Amino acid sequence: MTAAKSLASRALSWWWGIAATLLATSLCAVLLPTPFMNEVMIFAIYVSGCNFLIGRLGFISFGQPAYLAIGAYCTAFYLFYVGTNPLVGLGVGVLGGLLGAIIIGPFFVRLRSDYFAMVNLALAVVLFYVTQKLLVSITGGDNGLWFLTQMQSTPLLDLTAPAQFLWFAIIVATAVTVMFKYLDGTIFGACCLASRLNEDKLQFIGYDNFKIRLVAFIIANTVTALAGAMYAIYFGFVSPEMGSPSRAAEPVIVTLLGGVGTLAGPLIGAFAYTGMKDVISNLIGNWELFIGFLLVFIMLVADQGIWGTLPPAARALLVHLRRAAGRARN
Amino acid sequence: MSLDPRLVMSSVIFGLSIGGIYFLLAIGLSLCFGLMRIISLDQLLYYSIGAFVTYSVGVATGQFWLGVAAGAAAGGLASLAVERLIFRRIYARDPTFSMITSFGLLFGGIGIIKFVWGVVPRPVEVPTLAQFDVLGTQIPVYRLIIVGIAVVVYALIWAFLHRTIVGKAIRAAIENVEHVEGLGINVGRLFTLTFVIAGALSGLAGGVYAPLILVDPMMGLEMLAFVFMVVIIGGLGSIKGTAISALIIGQVVSLGSLIYAPAAQMAPFVIMLAILLIRPTGLFGVALTRR
Amino acid sequence: MPADGPVLDVAGLNAAYGEAKVLFGIDLCVAPRQIVACIGRNGAGKTTLLRCICGFVKPLSGVVRSHGSDLIGLAPYDVAKSGVKYVPQDKKVFYDLTVRENLELGSYASGDRNWEPALNYFPKLKVHMDRKAGYMSGGERQMLMIARALLGNPRLLLIDEPTEGLAPGIVSHLREVFTDIARKTSLVIVEQNLPLVCAIADVVYAIRDGRVAAMFSQRSEMSFQTFEKFL
């Protein structure tokens, strides 16, 4: 009862921000092309898992495609082999991701952050192999699984219709954001942050570092799997390409692009990244070249991300202009 | 299940040669981590550059070994440029920071390679097709040459680190950078040297491995997971550990494919998980002090 | 050697770690062949002061000069090369290297191959030349650190807590060594061992909360009782 009450009171204190974002997103949903917005929204969910890992736990994972693929393939298996209801498929995907994270987590969260980053990338590569070569009889290898027309339409919001799927995606993205915002305010969120800053001291005051990290890992990667499941439903198709390690840096890049640990970061990053990708791919076609050096640039110059860099930069520019104007007057 | 001993024999040699390649790549990564505390994924870029330069020089001059030398030199030069322009600025930061940056470099570099050489995979001719008879098994001499190169490199690196004063300074700096600086030694130069050695070895690995694979822009990414697993199993910063684990992974991959080919690619990962479960810093990993 | 000006002249030194300011306008002067001791509580800023002088910490403002040449802005290895050497507190010799190799590194930087003078202070080291430095006792490691720093005949040694955790016998040995070294080289010693400070120091600076709280240059002023209140 009190938990619900504190949740409600806390929700009130920042619901303006959520409402404003929701409004802006809805406006974009009406104005911008639906496929673009769909990708942005799912991508934002995908990135928010990674954002939580980096921003709250200080763990950088280059293995996010692996967790994405787990969610996507679980959903795909259900919709391809068993049932037709995409909502159930979504549930299966999330459950699969949850299970995967519970199994993998205890191995990984014990590691130092640099080993963690590398082991995750290795996981992504191995899982890519599994879906592409090892389990060809189930996954269809590079041909993938195609079930777009097998899905039945759902009541209220028809997930098989892209335009309605978008509203579903916006709702899910909002729910995920609210959840992360809520977690930030709890003692668990504080512990995560503390474990990032000084794990020893956290142990001394009586919290189990391992458990905190494990729970955070499971939450983050279940959200990632949720994004995977949504991709699967939206495209009606999965292939190993989705979990390709060559895309391992994407969530990390977008997290950095948006600004680590900020709530709006994933959404802004996803917007910017998807937009750039569309424009650049059409323009020069050499996407790796651009994204690679963009990443280096971000790391060297603007490691606070768009959200963290632009406002201070704008302020500095303003001050500079004002001074220049003052000098001109004198 | 009985295996043909001749098959096993050639498999072991195959495993040794691929382990040699893993070693050449992983040793740079491991040394860079030990000394500079960076995770330098861009080593795999110098590997691709080495292979492509070997291809181009080989086509232009018809001299394979000249190509390999040029490939190693190109790897060294590229790493020198990258160290001066980029890594120098980020040594002081967290290792994962360098990992992201180097991932960007790897990707940007792949873009440049695509731009220069295109996306079509290129074949490189094997310099010698001679076979060597071991107990009735035909072993390609070139595989043995690769093993030989890896052994020589190991010996040279060992001698460099233990017998030369610069090598001793590097070993000392792996333990404690600040004390080395306090003695009046320019640690920045040691960093540059180590990074360039690593880059050149990666280029060398790309060059000597080129005839056995197709040279294409993504070849570095394909190698990435294995090199990672070698480094992690061996323990970051340990030369001995890297050599041993390269040996193990090479054999696991090649002997594993005799038993069940698809699973052979998975086996190193399982081994890595098992070892990390027992020792989170790998077999010979250095216990890190914060800097 | 340009002999104008003191061996070390620190004036108005301010330093901070991030937001936390540690040193507030420190002034300190070391004349040739002098032993200067810095005393003070843990966290008073003594180690930071030494690290500022030898370039490991970039000060916010202030002057650090040695024989008239500016040390601020020099890289730590350039400070060391100019003859101002730092012996840190942690007694971390290079564990994986032998005693000989540890000394070789000292020679490599300074170009000084004559180990005799340094080793004569610590005859014990001669016995263990090919032993890994990590296997030695704390006292021997401290000796090795000092011997290593002495190669190249520095004009100033900055030694941080040299006797911390060492047996009394070794402490008295170090006391003699320090007086010997001071015939040629100036010393700045951060030390909590007050009897040692009283016995060898020419000048004592008491540091409290990042400031010089008091300075004593007369033998008559130096006593356990006077110093104790600064600890």
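Think of it as A, B and C in the order they're written, each chain with its own count starting at 1.
We take it that contacts are C-beta pairs under 8 Å (C-beta built on N, C-alpha and C of every residue); 3 or more make two chains touch, one makes a residue touch a chain.
Note that this is a predicted model, so its numbers are computed, not measured.
Asks: Which chain has its C-alpha centre farthest away from the C-alpha centre of chain B?
Replies: Checked the centroid distances; the maximum from chain B is C.
Asks: Counting C-beta pairs in contact, which chain pair has more, B-C or A-B?
Replies: It is A-B, judged by the count of C-beta pairs in contact.
Asks: For chain A and chain C, let me know how many angstrom lie between their CA-based centres, rounded off.
Replies: 52
Asks: How many angstrom lie between the centres of chain B and chain C, each centre taken as the mean Cα position?
Replies: 43
Asks: Would you mind pulling out the distance in Å between where the CA atoms of chain A average out and where those of chain B do?
Replies: Centre-to-centre distance between chain A and chain B: 32 Å.
Asks: Which part of chain B faces chain A closely enough to touch in the complex?
Replies: Interface residues on the chain B side: 33, 39, 86, 89-90, 94-97, 99-101, 103-112, 114-115, 218, 221, 224-225, 228-229, 231-232, 236, 262-263, 265-266, 269, 272-273, 276-277, 280-281, 288.
Asks: Along chain C, where are the residues that touch chain B in the complex?
Replies: So the residues of chain C touching chain B come out as 54, 56, 75-78, 80-81, 85-88, 92-97, 101-102, 104-106, 108-110, 148-149, 152.
Asks: So in the complex, which bits of chain B are touching chain C?
Replies: Going by the criterion above, the answer is residues 165, 168-169, 171-172, 175-176, 178-188.
Asks: Mind listing the chain A positions that touch chain B in their complex?
Replies: It is residues 60, 62, 107, 110-115, 117-119, 121-123, 125-126, 129-130, 133-134, 245-246, 248-249, 252-253, 256, 286-296, 298-300, 303 of chain A that touch chain B.
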